[in-house]
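Take a look at the structure below.
Labels for the chains are A, B, C and D, by order of writing; each one numbers its residues from 1.
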Amino acid sequence: MTITVRIQREDFDIAAEVARLSGESRDVGAIVTFSGLCRDEAGTLSALELEHYPGMAETEIRRIAEDAAARWPLAGLTAIHRHGRILPGENIVLVVAASSHREAAFEAASYLMDYLKTRAPFWKKEVMKDGTSGGWVSAKDADDRALDKWQDR
Amino acid sequence: MKLVYFAWVRERTGTAEEDATPPEGVATVADLIAWLAGRGPGYEAAFAEPAAIRVAIDQVHVEHDEPIAGAREVALFPPMTGG
Amino acid sequence: MTITVRIQREDFDIAAEVARLSGESRDVGAIVTFSGLCRDEAGTLSALELEHYPGMAETEIRRIAEDAAARWPLAGLTAIHRHGRILPGENIVLVVAASSHREAAFEAASYLMDYLKTRAPFWKKEVMKDGTSGGWVSAKDADDRALDKWQDR
Amino acid sequence: MKLVYFAWVRERTGTAEEDATPPEGVATVADLIAWLAGRGPGYEAAFAEPAAIRVAIDQVHVEHDEPIAGAREVALFPPMTGG
């Protein structure tokens, strides 16, 4: 079971990350990926500026990944989160979960994303097309509620 | 101890990090936030709503009742919006 | 909303399929992929022979995809299923779901896989390393039960 | 009507597809399976356990109580194992 966490400015390569996990073990039958992309907010957004807490960002995501690995039988789990300036249509985050069974791969990827959204120290600021700052993105109650479904299981 | 600020907390305090020696009696995270709020207008704006502030001590999330004794680095920031 | 279904012998390119859906709309914030791979069954499997019902295979998967598109707000949904001889470690099936929101993308991909497993007319036969036929793979009760979770929602 | 067989149903009947004209009285899928089981040893082996047989009429899944009148193509096969 290999956990990989990377915090980087550069884009990532989904196919390469999937290939790396599928090569981990010949017992991998299911690989789920989640890619989070920057939306253009109905054409008004010019870019997102993603700030993070260096050191803690990686440590916290690794801790969440270890929790996921303890809950589901996984062959590998990868999380890559970008920081810096990100344009509409570009990637922000990638999670890849590999397992023998599809349910474990789906659930681990979903769990990692739900916790990453609310626990990983990243903050998004909007830069609008009209040159103004759209301000800091507010945390969503829906993201907090998304954690509830993992509590009783 | 070292204090680090992110996102709008950083913008309002006007600094990304600083060293600080809170006075005696500042025992918990909540005490620290109240003390910081009194350090000037930028700090007052940053810490006016303590419930909106998330805190990590030495890069681990903590609640506001956590003691700060022994902390090397205390980070104060808004709710996270990554992912 | 674009539904793409392909039944083919050749392998597929995850990155290309993801890029195609992310280009569908600037409102795509979440893309989930599921890849199903051939496991080597503890080193005993030489290959799978995947038989399908031409015509119905595509029609039935498209019908399942349309059900998913009616249940969740999606920007695109792609399903590619291979047939013929497939070696351990190779891809069998790919599902890609794109949406504004991550929960819709996760659930639509999971739904499509659960129904595809039990409703799409494909059959797997094992070819063992010792040259014998391992016989036809049996349908799993767990796959039937996986459908139950979508019934009451 | 055209009958098509897949996987071990195809192997046991020894044919992938054939034209057939079931006698009067063969009204439903269940009737068809019972009639096919009587056509020889391979068919008997293929259709010995009717509950294990899945059926599609004109490429749409149906239950065993479905009438076969008007069917152009009836497919008979084991539970599916794709994905």
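Rule of thumb we're sticking to: contacts are C-beta pairs under 8 Å (C-beta built on N, C-alpha and C of every residue); 3 or more make two chains touch, one makes a residue touch a chain.
Since the model is a prediction, treat every value here as computed from it, not as a measurement.
Enquirer: Measure off the straight-line distance from the CA centroid of subunit A to the CA centroid of subunit C, and report it in whole Å.
Expert: 23
Enquirer: If you average the CA atoms of subunit A and of subunit B, how many Å lie between those two points?
Expert: So the centre of subunit A lies 26 Å away from the centre of subunit B.
Enquirer: Between subunit B and subunit C, what's the gap in Å when you average each chain's C-alpha atoms?
Expert: Those two chain centres are 48 Å apart.
Enquirer: Please list all residues of subunit A that touch 2 or more other chains.
Expert: 36, 102, 113
Enquirer: Provide the list of subunit B residues touching at least two other chains, using ranges where the numbers run on.
Expert: Residue numbers touching two or more other chains: none in subunit B.
Enquirer: Once you draw an edge for every pair of touching chains, what topology comes out, line, ring, star, complete or other?
Expert: The chain contacts form an open line.
Enquirer: For each chain, which other chains does it touch, given as pairs?
Expert: A-B, A-C, C-D
Enquirer: Which residues of subunit A touch subunit B in their complex?
Expert: Its residues touching subunit B are 36, 50-53, 55-57, 59-60, 81, 92-93, 113, 116-125, 136-139.
Enquirer: Name, in rising order, each residue of subunit C that touches subunit A in their complex.
Expert: By the definition above, subunit C touches subunit A via 13-15, 18, 22-23, 26-40, 42-43, 88-89, 100, 102-103, 105-106, 109-110, 113, 146.
Enquirer: Report the residues of subunit B in contact with subunit A in the complex, numbered from low to high.
Expert: Interface residues on the subunit B side: 4, 6-8, 10, 56, 59, 61, 75, 77-83.
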